[in-house]
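The structures come next, written out as structure tokens.
You will see subunit A twice below: alongside subunit B first, and alongside subunit C after that.
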Partner chain A sequence: MSTTRVAPPSSVARRSGRALGLLPAALVLLVLVLISVGLGSRDVAPADVWQALIGSTDRADATVIREMRMPRTLIALVVGAALALGGTILQGLARNPLADPGVLGINAGAALAVVAGALVFGAMPASAAVWFAFAGAALATVAVYTIAAVGREGATPVKLALAGAAATALCGSFSSAILLADPDALNELRMWQVGALAGRYYPVLVQLAPYFAVGIVAALFTGRALNLLSLGDELASTLGLRIDRTRGVLFAIVALLCGAATAACGPIVFVGLMIPHLARLITGPDYRWILAYSTVLGPVLLLGSDILGRVLLPTAEVPVGVVVGVLGAPVFVLLVRFRRIVTI
Partner chain B sequence: MPGRARVAATLISAVLAVTVAGCAGPSEAEPDGPSAEPEWSYVSGDGQTYTADEVPERIIAEAYAAKVLMEFGITPVAIWASSPIAEDVGLQGADFTGIEVIGQEWGKIDVAAAAELAPDLIVGDWWPVEEAYSGFEAGVEDTSRRLADLAPVVGASQGDSIVSLIEGYADLAASLGADPEAIAQSRTTFEAAVTDFEAANEENPGVSALAISPWDTNYAIAVPAYAPELLDFQRWGLDVIVPDTPDPDFPYWETLSMETADRYQPDLILFDDRNHPGNEEILAEAPISAEIAAFAAGQTTTWPAYWVHTYGDYAAELTRLAEVIRATDASVGE
Partner chain C sequence: MTAVMAPVGTTARRFRALSRRRLGATVVVLSAVVVLLFVVSLVVGSVVVPPVDAVLATFGVGEDATVFVIQELRLTRAGAAALVGIALGVSGTLFQRVLGNPLASPDFLGVAAGAGTAAAAALVLGGVAGFTLSGYALLGGLATAALVYFLAWHRGVSEYRFILVGIGVGALASSVTSYLVARAEFSDARAALSWLVGSVGMATPGLLRVVAVLLVVLAVSGPGLARMLRALELGDEPARMLGARAERDRFVLLGVAAVLVSVATAAVGPVAFVAMLAGPLAAIALGPTSRSILASGLMGAVILQVADLLAQHALAWPISTGVVTGAFGAPYIAWVLISAARETSAG
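Let's turn to the complex of A and B:
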């Protein structure tokens, strides 16, 4: 592995530091999980929340805690991890600091495919919708790269982001148009379309769990390949990496992660953008560590945003997709503005 | 019977209103002054008496108003609706063949097409709270409002009972030359349905009902004060639950979150029929639905939400609901 090979003598200390750094991140996540389960529009005292979790309390409270807040929290965990890992892989794959499944239009493409599928075939369970999401994610990826590659300098980061923004707007408009045309039949997708964890219960999680499991585990094993790719195609290939095949596999993992995440709670932007940069800031350039941190920090961001959305307004919830968008936009602007300080 | 008494009272008050208004002097829509006895006059929902030298024949009506006028035998030349006619649950069963449609979207009326039809009269509900007729409320496009330049606008008033609304249209239809027999027949069928509905509540007393419309992650409960058909149900013996805290900015509903959807425990759940079964599916997916005893027991049906304008529709709905009430276990809720 390149970074360890050229690492300074202090690498052992640094490595244990990086491992220890995961601990506070995990603690923050744990606290957020507790808040998420304890906080909602129904007043349940903390002691009762605990009673509900261990299963010895008033039936209705237990139903709300166990069957409404728990799945919402768990979905936030897996979707946060999936989007952050998807973003990390995309950034490494494209050597592009602006790459994010949301920014590049991949999630919007997946969402459009889900909405179009529902229009043609009627409302469908998440286990069926996810296949439309995969197809949409893959198509959007190809389309955005094709558009961005036009021109002499090829697919530069900003051109990719622009093509992605265009694709996001286009897919979003089409999705909205379809939803407006048939609001009753597609009732369920209306809130989902802006990116929402509310109203998503266990069936969604259970049906999508296999895809999340495969995607997240596979993503965690891409560190070595991403490290090699970061050396440049030529050197990576000299070091024994089969570039094209690796890229194909990596793109497939991204489509799997983003398709599953979008099928679960709609197109969410910026998680895959912010988290890899934050992780890189903590760990340095080794993708194995960036991936590990992304797995923890992605859920921190998504769950934190979801909790924020629940308390921001006195009467209604702000969908998590909106909260993340508001938090992510300035980060995105900073990254574009000061791109030179962020090297990949 | 309270139902019949109600109808009779409404009729009497309508007659009195016409008489009083008739004595009150010159009317607004009659520029020629009070000297000539007008051929046509109508006390409209806004409380004013409209008159004309000839009985209006070419009528353009809002689709709900058109449906009730047609039930009484008066056919308009054109209609406008606030949503696609084929999808509107309130317009099912109406045959608008041969009638020009000049609008199928809220706030949008093709006034040019209306002008070509040279209407004598425009008909739509009067909304007392908004002080406007259907088609002329706040938010309607200015170009659509110019419909009012073509002819006088009249219509029955929305209020605290669907019966008075329908009777307002019965008066209008009669003034326009409808056969009084047809009106009376339609009313008789309806009164039988009211009697049946009241009987159902007497046979199975104590049934409480909650009128709801779940959407997204919300559990919206209709406030009867703003739903005349729910007020009617209460008058005829059904205990329609009044929610405690209507939404401050839109008091038609009290909107609960799904997490608190078990707050009210009725014996019978009435789903808003305009977006049924989608709203029931949304509730069914939310695990809290298992904690709403009536839903868990399958004691659910729909209610005709905010659209009833004809005795025919009302009679059919009341007859259906009477059967549901008879079959409801009144010990399910709290």
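Let's turn to the complex of A and C:
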């Protein structure tokens, strides 16, 4: 834990360097957005993409772009940011390099709640499903953290990962049991269960936008609290942080972010694991900067994975959840194998 | 169970005799339960067949309709629950004892997931079935086991790194499996889900035969494996003095365990946590003084049989076996984590 400290007061040069670093990341994101909007079974040239976006044409291209690819791209942006921020907060909260909304079973909990809600109340719009997702995410977060935190050494990476794996298995079991009872729901939720952006259009985005907005903005203001928590509970409370209340608020924000993300496109793992580490590599240990970078890099990863999934095979799409899973697992293994480089 | 070093003194001898009697009794009782549950799963169903008729029908004796129901519909499933259960139980207890950790089961080590991915790929992409399918699963399981071993090995095998690497590799494998299954566009979405969570009902007679042959080979080599295991559990140093080659033995035992779980997964899919639960439950039945691979295998069969009976009949609609075992295994993991933490806090 040798690097457990708040960043020294940054010099102006260092700070402006980090702020400038966001620029290339944002540029990459912009390029990805253009590719995402232009790419598909009906390829659209970048110039026409622009025309369609500013609304000066009303050809078929414009319809495809405005009604299908734009919402999909926008959902990828907010979900990517939400998962990355959720992961960052969890890692700071648990002082744990392996914390991730997927690994900890939080997304699986949200998914179970959505499936259970669909069983009891029938098909419902995203604006209703999201409340079930919040409840499921919150329950899973608290349960997993509580189980892992018993004992003197607290929530170690191993215990969190195992408790999370158990929660994922349990929630997955119950979700499957419910889906097996209801063939229609099974067919509808099959792709969603893997984590997919396909077929997610404006209604989903519009209905979930308020929750994403609140969650992402709230998350961006948690940097100071996370910095204090990284000093250890005792020092943080000496410095005036109310530990229990802060933990509660942070958990609530995580549940909000992960619940909304899962309601939008199913349980996606590893975004919240990879991005904070990448951000930490760039910025150093100051959580305010890690959060800022996560907000940009999370969408880069999710959108990039979605694009990759669309071009990977000539015949069919690979769901984004699968692409991220395949990319993220090696990172997880590396983090386990070479723990020294990622001490939080 | 003969200890490697003969204990001295009459108290020790009496103690040993006692624990051996308990071991014998446990194995007999567990075997009886396995047979009983086997018959029960033949009897119960939409048509209830009287036990005697059911047993006769397995040999082709009785009314045509009964023989059809038993032989074509129920026998494979009942047999799969028992045989695959034994394979999983033995595999789990080998992993747990070699790695010295109750949570070191093939579920967490990624082996089952890797075997499942290879089997799903062979099935979906190549239309492979039966014997060849279990061959692919075997390749997948062994390759995953080797990968996890290679990635986790760092001046010896620390069990927790082993488990965490296994969770990561397992997550990768299940991602690919869920993609393959989603892509397959099963006409029946239930069949697809069965592939993801595992169900005893998926077993075919061909795959079951592979499992049976494997178990016969295992039974023949059992005493040798048990000897290796006991030597390893004394620790590397005494084991070396007794002439055991610790690293090689560990490799052999983990290899056998990986083969067992791979073939089991080819037959019924990745049914969660049976391998993890079998050893510890058998240990409760045996008491603290003795351990037995055989008892763990039988306990694995009992778990899978009970889980499959519940899966078929407990709810108004049938569910996959893996759903039941997942639901029971997860609280057990939580309990292990909490009680282990309590112990370290108290000590």
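Just so we're on the same page, the second predicted complex is superposed on the first by the 312 of 344 C-alpha atoms of A that agree within 3 Å, B and C clash if a C-alpha of one lies under 4 Å from a C-alpha of the other, contacts with A are read in each partner's own complex, and residues count from 1 in each chain.
Operating definition for what follows: a contact is a pair of C-beta atoms (placed from the backbone, for glycine too) under 8 Å apart; a residue touches a chain by one contact, two chains touch by 3 or more.
Just so we're clear, the structure is a prediction, and the values are computed from it rather than from any experiment.
In the superposition on chain A, A:A166 makes contact with subunit C only, while subunit B stays out of contact range.
Greater residue coverage of subunit A by touch, when subunit B is weighed against subunit C, goes to C.
In the superposition on chain A, A:G199 contacts subunit B only, with no contact to subunit C.
By the touch criterion defined above, A:R190 reaches both subunit B and subunit C. Using the contact criterion defined above for the overlaid structures, shared-chain residue A:L179 touches subunit C, although it does not reach subunit B. In the superposition on chain A, no contact is made by A:G86 with either subunit B or subunit C. By the touch criterion defined above, A:M68 reaches subunit B but does not reach subunit C.
In the superposition on chain A, A:G151 makes contact with subunit C only, while subunit B stays out of contact range. Taken together, the two complexes place residues 187, 190-191 of subunit A in contact with subunit B and also with subunit C. The part of subunit A that touches subunit B in the complex is made up of residues 40-42, 59-60, 63-64, 67-68, 123, 184-185, 187-188, 190-191, 198-199, 201-203, 317. Those residues of subunit C lying in contact with subunit A across their complex are 103, 107-108, 151-152, 154, 160-161, 163-165, 167-169, 171-172, 174-176, 178-179, 182-183, 189-190, 192-193, 196-197, 272-273, 315-320, 322-327, 329-331, 333-334, 337-338, 340-342, 344-345.
By the touch criterion given at the top, residues 98, 103, 147-148, 150-153, 157-159, 161-163, 165-167, 169-170, 172-174, 176-177, 179-181, 183, 186-187, 190-191, 193-194, 269-270, 316, 318-319, 321-322, 325-326, 328-330, 332-333, 336-337 of subunit A touch subunit C in their complex. For subunit B in complex with subunit A, the residues that touch the partner chain are 87, 215-217, 257-260, 262, 275, 278-279, 281-282, 285-288, 290-291.
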